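Two complexes come next, and they have one chain in common, subunit A, joined by subunit B in the first and subunit C in the second.
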Partner chain A sequence: MPSDRVLIIGGGPAGIEAARNLADLGIPVTIVEARERLGGMPIHAQYAALTPDLEDAETAMNRRIEPLLGHPLVDLRCNSAVTGSSGTAGDFRVRVAVGGKEDVVPAAAIIVATGFQHFDPGRETQMYGYYEFDDVITLPDCEKMLKEHKVVRPSNGQPPECVAFIQCVGSRDRQIGNEFCSKVCCGIASKEAIEIRQQLPNCKVFIFYIDMRMYGYWENELYWPAQEKHKVNYVRGIVSEVLKKGDRLVIRGEDTTLGRPVEAPMDLVVLSVGMEPSKGTREMAKLLGLPQNPYGYLDTVGVPLDTVSTAVEGVFAAGSCTGPADLEDSISAGATAAMRAAVLLRKKRAGAEARG
Partner chain B sequence: MPSDRVLIIGGGPAGIEAARNLADLGIPVTIVEARERLGGMPIHAQYAALTPDLEDAETAMNRRIEPLLGHPLVDLRCNSAVTGSSGTAGDFRVRVAVGGKEDVVPAAAIIVATGFQHFDPGRETQMYGYYEFDDVITLPDCEKMLKEHKVVRPSNGQPPECVAFIQCVGSRDRQIGNEFCSKVCCGIASKEAIEIRQQLPNCKVFIFYIDMRMYGYWENELYWPAQEKHKVNYVRGIVSEVLKKGDRLVIRGEDTTLGRPVEAPMDLVVLSVGMEPSKGTREMAKLLGLPQNPYGYLDTVGVPLDTVSTAVEGVFAAGSCTGPADLEDSISAGATAAMRAAVLLRKKRAGAEARG
Partner chain C sequence: MPIEKEKILSVEPERIREKSRFVLDGMDISGHWNRMFEQRVLWGYEPDRLDQVTKLDGGESLGWCYQCGKCVGVCPVDVVGDYGPRKIFRKVQSGIDLFTDDDLWLCTTCGNCLRVCPKEVDMIQIMPAVREQAVLEGHMPPELQDAFEKTAKYGNPLGEPARKRADWTREAGVEVPILAKTKRAVDVLWWVECYPAYHPRGREASRALARTLAALGIDFGIVGVDEKCVADSQRLAGEKGLFESLAEDNVKTLAKYEFRRLMVTDPHAYNAFKNEYPKHGGSYDVVHYTQLLAPLVSKVEWKKTLAARVTFHDPCYLGRHNGEYEAPREILRAIPGVEVVEMFRCRQNGYCCGGGGGGMWLDGFNAPHLEERLSERRVREAVEVGADVLAVCCPFEVSRFEDAVKSTGNEGKLVVRDIIELVDEARGARQ
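Moving on, here comes the complex of A and B:
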């Protein structure tokens, strides 16, 4: 008799959603999470509030995590890693290691939800002086400060009077090799800009962008209030370099709406770094034999419009391990992958019963 | 004993996906579709190819529809309407009318997947002369011509030499009352522009836009090839009016990158009309008591990040009836709603068994 268990690799938003739905359907799950707790990037990177609702990230994630803790059908393995896998759909045997110990988990299906990492502006490429100037930070660096209600210039601990966000750092960039758009950075920068304006009402905030990609309700829920209520300044333009002048920064570039060069002093520059596949995503691709696209994300090569089926039957991929995704995307994908896994289980069980 | 059936209202991409998944799980479904066949807008509006894969729309939709036809667990009712509903989660009684006849379908859960309609440029508002000039058409008008491989100027039946798409018609527009972004129009206009360039290689194509919202892989899969391979011209600018001059059209506006007025003759102008809730969506909101947002879409007011739960227990909403959605969004939402309905069924059944 094949296993009736689903193994979920990664306990972020997609993995949590997959686990909850399967357990609610009466299907046992094992969650393998590399970190010491569930929650994925919103918890690990200490996000302040979530986009677009501005709900406190920890509260929102904990509400999703709690139903899983102590659930009789949920076998939760934190600080753990998948180290090997054999078998086929309906009858996988997955090696899971925690500490020095390994055991084998039988599973009918596997859901990979290993997520993304933030683009690293690079020590070698020296993008915008991130590794050179203390006051050049990234979106996740800014999240941490917002969460602590302490947005300051790292160089001197003082609150900034003037902040610039630079969009598309590591996205839409052929030189870097990331031609895709990371989808969420316009929304997240706008959200952080609103939070800065709320925490530091005298601070001026500028967002330098190519296209402001506030799709769907993000337009009316985030973009309009950011401009009208919170007075965030959006400047269509390319910032080509960040320099240091005295104890401040200077950004240089072009305002493409006015068609003229911009040179403006700033106290803090936030690089809107995009998404890249996480180390875990790359490792699981190799370990499970899943094709990757040129950017390293898992390819969902099944049927067009099917965002969760991989080339390996019985292995599904959900969330930002397949490409740039917002939280709603990841959660929907988690539920969708759970559904596909549940259907597979039912078919395998029916097949086994028919064979006697 | 409560019903074990799920009633799905609407047989477009979201409804089809919900039905397929539930039937695959062994749960009987009734699909109520107002039109004479399944497929939703891609079929009804005769889309040429789907965004972003450019797969033939009819082929893609038929592949998703076929597993439902003749399926023993799928009760398909076309040319039908839901006319009333009573009961509560686990035990709804839904009145379904076909022709002059009505019957009552017992259902444990309801999934509303009644979709969107294309924004109407309006006889009164006279947006861009859509009702005045034959050669001003909309995105769906253009789809039909592309499907027939006959893109012509309606005024004289001749192929156009110069086509302009105008983005954000009925979206991001406070005067119209649609402050939201319709999410898909940048991608669809780009896809249609590519198809025009393929079908009429000598035709020049321009897209006038505010922000080119090619999120995620649409950037590298559609936007870059549109520019580099297919030589579509993207102009950042606002078109304020379309006039008639001789037997051609003239568009007037501003190129906001060059910062100067634009006046250019065109043979065909395509209005990139956005999404609005369909008539069926508005009707079902009233009939089922579902709260709507200010734009008329169904409000998914449950838990934040939950895109399918409505304020009424046991009634789920999926796809573009909840707001602007691309096809992948709609399909994921369909699967997610199916999952939630399956979980509800299981809980209600367990409750009924416990009560004896």
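Moving on, here comes the complex of A and C:
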């Protein structure tokens, strides 16, 4: 008799949603999570509030995590890693390591939800001086400060009077090799800009952008309120580089709608870093033999009409391991992968029963 | 001073460039210039103009621009004028004919835009490709044409006789072996290039370099009268044919001599020998003189302390184009008494002197489009950081910057020296 279990690799938003749906259908799941707790990037990177509704990230994620803890059908393995896999759809045998001990988990299907990592702005070039200047930070660095209600210039601990966000850092860039749009950074920068204006009402906030990509409701839920209600200044034209003059930063670039160069002093510069496939995503691709696109994300075979199937039957991929994704995308894909896994499991079981 | 109305109206509005301050009959009317002319709407777009550029070999990437504006923030021309790669794309897209437009000649091919461009729009390919067509069709500034003609006729853009190419060696104070005469193999074949061979200030640097090489016991020699212009700047200014024919001659000339390394004084020659000559049958182990000398500074016998605050101007074709930022600085730091200070724009972000890509021969033509010369802007940056000496290591730069020191009123505050002149002076060898 083949296994009736689904193994989920990665306990972030997509993995959690897949587990929740499968458990609700009465299907046992094993979640293999590399970190010490569930929640994925919103928890691990200490996001302040989720985009677009600005609900506290920990509260929102815990609402999803708690029902899984102690659930009789959920076998949760934190601090663990998948180290090998054999077998085929309906009958995989997956090696899972926890603290030096290895264990084989039989599974009918595998859902990979290993997610993304934030682009490291010091990796390719030093143009924005991320490792050079204390007051150049990233979106996730800013999230941590927002969560603590302590937005300050790291160089002196004082609240900034002038903050600049620079969009498209590590995205839409042929030289870096990330030609894709990371999809969420325009919205997240706008969200953080609103939060800064709420926490520091006297701080001037600027967002330097190429195109503001505010899909669907993000336009009216984030972009317009940011500009109209929270007085965030949007300037078209991306910053070319950040330099230091005295104890302040100077951003150099072009205000393209005015057609003039800008050399403006700023206290804090936030780099809107994009997404890249996580280390776990790259490792699982190799380990499970899943084809990757040129950027390292997992290839799904049937887009746009099938967003979760991979080239390996019985292995599904969901969330930002397949490409830049917002929370809504990840949750939808997690649920879709759960459904495809459940269907596969039922078919295999029906086949096995027919053979008797 | 009365304005002649007819004269003003006869000027096309787009050719008017505002002065930073314009006082007329005691009244400051700065910033009011364009108000004298009717603003107009765009009547339409002519994407065909863009197609004419992108269909050229090398012109393709102009069509990739997505208007982020990163290039303008680092374009040295936009700092003193109203020209930037992003703007070129928009202008061409909205119908200007780049092949006949003045904007075609403003780019110095400094390469700073390409460094920051997320789409890899490559002006170092685009500009020469479009200029080549313009030159073939006879649309080129007369002063540039003059430099091309002199290069073709005399083998150098200064129009000096070829037989005088090695005359500078007479007053070097040391023997400068000329390989055609010595007929022996050398370790270092020194390719002198035109400005170091003919220009009075270039010659001084060449003599200083000859003395230093001799003092260090380096086995070197020069080609002499058979050397012709490497013509990399002429290539980038659109004279590809001239470049190719000179490359053919120079490759033949070099084939006559035995040497281990090819040393150049000129970063533009360095770029051509390293990146272009291999395509024309000439592959050499090429070094810039600063790269040859930097590892040897501990062997130099210093006799004088210079006590100077020195700032270094990175040549675009040594730094950004070929990645050498350290060798010149290593030499400067080794000179007794020298304090090296950096300007706001340096290394990868170094400013351009305005001489590259044909700019050396376009100062007059480009002047109406610029508030000031790029070299003038750079000199003011050097003065801002309190430097006494602006050190250079590209033969275009000494004369450009010395002119700029005068025109910006900084005589007595700042002197311009080739690095090798400072070395020569600190060795007590300067004559």
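Criterion: the second predicted complex is superposed on the first by the 350 of 356 C-alpha atoms of A that agree within 3 Å, B and C clash if a C-alpha of one lies under 4 Å from a C-alpha of the other, contacts with A are read in each partner's own complex, and residues count from 1 in each chain.
We adopt the following convention: a residue touches a chain if its C-beta (ideal position, glycine included) is under 8 Å from a C-beta of that chain, and two chains touch if they have at least 3 such contacts.
Computed from a predicted model, the values in this text were never measured in an experiment.
J.: Does subunit B (first) or subunit C (second) touch A:127, or do both, or does neither?
T.: second
J.: Mind working out whether A:237 is in touch with subunit B, subunit C, both or neither, as first, second, both or neither?
T.: second
J.: Is A:140 in contact with subunit B, with subunit C, with both, or with neither (first, second, both, neither)?
T.: neither
J.: Determine, under the contact definition given at the top, whether A:254 touches first (subunit B), second (subunit C), both, or neither.
T.: Touch partner of A:254: subunit C, not subunit B.
J.: Could you tell me if A:172 is touching subunit B, subunit C, both of them or neither one (first, second, both, neither)?
T.: In the superposition, A:172 contacts both subunit B and subunit C.
J.: If you stack the two complexes on chain A, which partner ends up touching A:277: first (subunit B), second (subunit C), both, or neither?
T.: Neither partner.
J.: Determine, under the contact definition given at the top, whether A:15 touches first (subunit B), second (subunit C), both, or neither.
T.: neither
J.: Residues of subunit A touched by subunit B versus by subunit C: which partner has the larger set?
T.: With both complexes superposed on chain A, more residues of subunit A are touched by B.
J.: Once the structures are superposed on A, label A:262 by its partner contacts, choosing first (subunit B), second (subunit C), both or neither.
T.: second
J.: Please write out, lowest number first, the residues of subunit A touched by both subunit B and subunit C across the two complexes.
T.: On subunit A, the residues that contact subunit B in one structure and subunit C in the other are 172, 211, 236, 256, 259.
J.: Would you pull the subunit C residues touching subunit A in the complex into a rising list?
T.: Touching subunit A from subunit C are residues 66-74, 78-79, 82, 84, 86-87, 116-120, 344, 349.
J.: Sort out for me which residues of subunit B touch subunit A in the complex.
T.: Going through subunit B, the ones touching subunit A are 13, 21, 24-26, 50, 53, 55, 60, 63-64, 172, 179-183, 211-220, 224, 236, 256-259, 303-307, 323-325, 327-329, 331-333, 335-336, 338-340, 342-343, 346-347.
J.: Which residues, counting only subunit A, touch subunit C once they are in their complex?
T.: Residues of subunit A touching subunit C: 127, 168, 172-176, 210-211, 236-241, 243, 245, 252-256, 259, 261-262.
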